[in-house]
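In what follows, subunit A forms one complex with subunit B and a second complex with subunit C.
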Partner chain A sequence: MQNFQFYSPKSIEDALDFLSDKGDSCKIIAGGTDVIPGLRLEHLCPAHVMNILEIRKLRGITEENGRIRIGPTTTFTDIVQSDMLKQNLPLLVEAASSVGGPPIRNRGTIGGNISTASPAADVLPAVIALGAELELQSRSRGTRILHAGDAVEAPYKTQFNPDEILTGILFKKLPQGTKSAFEKIAQRNAMARAYMNLSIVLRATDDGNISDLRIVPGAVEAVARRVTAAEKILLGQKAEKNLIDKATETLAAEMVGVWIPEYKMPVLRNVFKRVLSSVL
Partner chain B sequence: MEEKPSKTVLRMSVNGRPVEVAVRPSWTLLRVLREELRLTGTKKGCEQGDCGACTVIMDGKVVNACLVLALQAESKEIETIEGLGTADDLHLLQMSFIEKGAVQCGFCTPGMLMSAEALLRENRQPSHEEIKVGISGNLCRCTGYAKIIEAIESVSPKKIVRHSPHSDGY
Partner chain C sequence: MKKRGIGVGCMFYGIGYGFSRQDISSATVEICEDGSVIVRSGEVDFGQGSDTIFCQIVAEELGLRYDKIQLIAADTFTTPNAGPTSASRVTYVTGNAMLKAARAVKSTLEPVATEILGENDLVFVNEEVRSKAHPQKRMAFSKLAKQCHLRGLQIVETAWYDITTKDVDKETGQGDAYATYSYASQLAEVEVDTQTGKVEVLRLIAAHDVGKAINPSNVEAQIEGGVVQGLGFAITEKITQEGGYLKTNSLGEYTIPTSMDVPVVESHIVEVPVSTGPYGAKGVGEPALIPTAPAILNAICNALDIRITDLPADLENLMRLIQEKGE
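Moving on, here comes the complex of A and B:
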């Protein structure tokens, strides 16, 4: 590991001041489950490492104006143990519980999962499926809001600026009757990177027509996104078998390419059908 | 020749005792425990958070010591295997591991015990599945896990009550 200077601010203000001066040569560390291996392998060689775990305001799950705010240094364990999130955003709880094992979940954070922007992330696709907004702060731009789906430009690259820090992840509460499901395919039941994951959020009206549908596969493309072409097949319709098959084929056609070779397609099709059936 | 950054004094509590040690920013908690404090019960395995050999309890939660920068442990309470029990004063879990044959080479054992201890503090009667999740961050190359799970199950009060009316004083 190359040497660096370590700074541990106690307030967002101090962090912003530091980043406005040293942001270009500074790596932010929270739980460290991605950053420390990166430092050790020297993928990361920053002059400065800024620890944000001592900034109390960055951790926690609160409700404000009908929205749920999750601080970026909220750990996966915090998320998994939150009764409020189990009630309101169960998709997030499922995704977070699939990450690593207990020691990883006690340190890994939702902000870190987003900021690392790994193509194999488990929580980031769920955050996108839930239509979350990201609150970023900096001295140069003040506060700006970014849709979660726009956050990642390329593998391991967010569009956050070097002087910016993620200060909140904001979720609208899902309307009554909204269902969601998550599945992760990996080599092991724990401590394994996803070969594929899938987040689906679905809401149907009383007459059975699908009024809202978000499909976000993860670990199958460079950057996770909603597959709107497949969503459109089912929106406004009742979920009949022929439409499910058509949506499956549309999803497959969208996904096949450099990142997901033909031999993985039967798995994607089956996972999609299984997860979709569980929310119908 | 690159100049090394100067050391900073780290103050934390280890197994109930306050500790002060000069550290470099790039050092991990694992390095400080093993090399500076000579608490070599915590093992160095993969050094990337995949194996759990370095599992310790920090502020009541299991963490991989290899994934904590030493300076992130400032003011924290660390518990290592040395604090769990000693040869003369074995912890109930340690006695159970020995009785059940849950130790072969012993390398994963400190990490397994810390994970088991943390699990039992939060959930005194874990199910078979909950035990599996509780130790899912700890790899064992020797035992195949069955005896480890049995050893943890056997300190659950349900099992003890079956054989004896006395409480285990947990």
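Moving on, here comes the complex of A and C:
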């Protein structure tokens, strides 16, 4: 049975004060879908647990200055039900809708998915593919912006400092004509950890040249990232078969020797080709 | 590429413990003064609905409404031993004990009704006892019950039923293995994604010979539950251990099918009554699960021309076999 102090601040200010003092021994909890199992299995043994669900400002989807701001305690259900996100960031909605099942999505949060930094996360790779920026606040550093692609340094370990709290996830709206696609492979159709997922964002000009391409596989590497080596093969080019094949092999080559088990390699190649063709 | 296939699995299954292992049950039926009935059974209903069918059997035999039967079950202090809820035996063995106890009590009631009505060709129906030949000669069951009480008669009976078999010859395997057998066939249609190894079961059709479905809804529910277990067995459930430690030690790791993984299950109840079963009934508990995995694996083979010999047919297993085949 765990023994910890539980604190539930009502404002960001109170949360920051607490973290500036106890941040080193504090675990932040929102929906709890990762933290509660972690506490039960004693993978997490913090002296303090700080609940941020009472800080209303941290939840919500808003537009400001042409960008979309999503609060960290916004649930996956909030995201899935947002018409504004369905229109502007459909990749995020697809990724969020693939998490667990309705009860998990009602509790799980986008901030949690990022902060837990599981190699098998479904939403974090989509957030990276969309080039999001993470707003972090602390007493010691004030407000700083961290690019989503730099947020995770190792499985289950973010670059966030112990006294920092994630206060917003900021997305630029995608230019007209940008397409995106997401696929998740799992052992069963709900309540399943990703065996693999793939996020792709692509924009082509009228003559078919690919002007923007982002490829982020999830649950294949220790830390999800844009596989720029594969993106470069197709950037500025038309999507011809030989280039697609070359990009596929480059993607596979980038994975080898890192983390991916042998049996996932053919699946990665197949899924990449079909997700890519769905956005061409 | 998505490939579809259809496969069939067939089974027969011995009901009860068989092979001369002791297989007995008992039940008590008591007629109360007001015509309601108390039934006692040691059997545990763990969701398959044995409580329901015991009340149905006694109600049917005594011509009463189902809600007139009060069941006391699985109380080690007050209920007679019915043996375990296992081996798909409960309907067959304890159901028979119920029937025997109900008939025993009926044999006390009948002479009294004959005396009162002056007829001996009686039928118990619609909460009454009446003469078959002269239906206007009838009396309420509750009145008959009261009369029996007033006369101080034996209106509580405990009956035993024994299906223990003789056993088979140890050399030839021939003889008397089980008291009876249930039969079933299931058909599965699957779609396999050869790019990922994912198997979807599109349709599952089950036909089960249960002798007699005392409660058809319960039989369907049992079939559906068994099918879900069979689907998990075939596709999603895997136990892994390392150095004696169970790695798949939670429902997060050991993945059973969710509602999103299961197709609509079409159940067909086949009734070929067995003379030794209560109202001709046999068992369906385990049979519901048995043909499912074979049907699914045969469907996968039909789709891919690949024989799976190692379960589950999960993503890794299938992808490895597909790669080996050179898809």
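Throughout what follows, the second predicted complex is superposed on the first by the 278 of 280 C-alpha atoms of A that agree within 3 Å, B and C clash if a C-alpha of one lies under 4 Å from a C-alpha of the other, contacts with A are read in each partner's own complex, and residues count from 1 in each chain.
The rule is simple: contacts are C-beta pairs under 8 Å (C-beta built on N, C-alpha and C of every residue); 3 or more make two chains touch, one makes a residue touch a chain.
Remember, it's a predicted structure, so these values are computed and weren't measured experimentally.
When the two complexes are overlaid on their common chain A, residue A:G236 makes contact with neither subunit B nor subunit C.
Of the two partner chains placed around the shared chain by superposition, neither subunit B nor subunit C is touched by A:G177.
With both structures placed on the common chain, the touch criterion links A:G208 to neither subunit B nor subunit C. Of the two partner chains placed around the shared chain by superposition, subunit B and subunit C are both touched by A:M191.
In the superposition on chain A, A:P37 makes contact with both subunit B and subunit C.
Of the two partner chains placed by superposition, only subunit C is touched by A:R274; subunit B is not. Shared-chain residue A:Y263: touches subunit C; no touch with subunit B. Ranked by how many residues of subunit A each touches, subunit B and subunit C are led by B. With both structures placed on the common chain, the touch criterion links A:G101 to subunit B and to subunit C. The contact surfaces that subunit B and subunit C form on subunit A in the two complexes overlap at residues 37, 101, 189-191. Interface residues of subunit A facing subunit C in the complex, by the touch rule stated above, are 37, 101, 185, 187-193, 195, 263, 266-267, 270-271, 274. Residues 2, 4-5, 8, 24-26, 28, 47-50, 52, 55, 61-64, 66-69, 71-72, 74, 115, 118-119, 133-134, 136-139 of subunit B touch subunit A in their complex. For subunit C in complex with subunit A, the touching residues are 195-198, 236, 252, 255, 257-261, 314-316, 319-320, 323. Of all residues in subunit A, only 1-6, 8, 29, 31-33, 36-37, 39-40, 49, 51, 53, 77, 100-104, 106-107, 189-191 touch subunit B in the complex they form.
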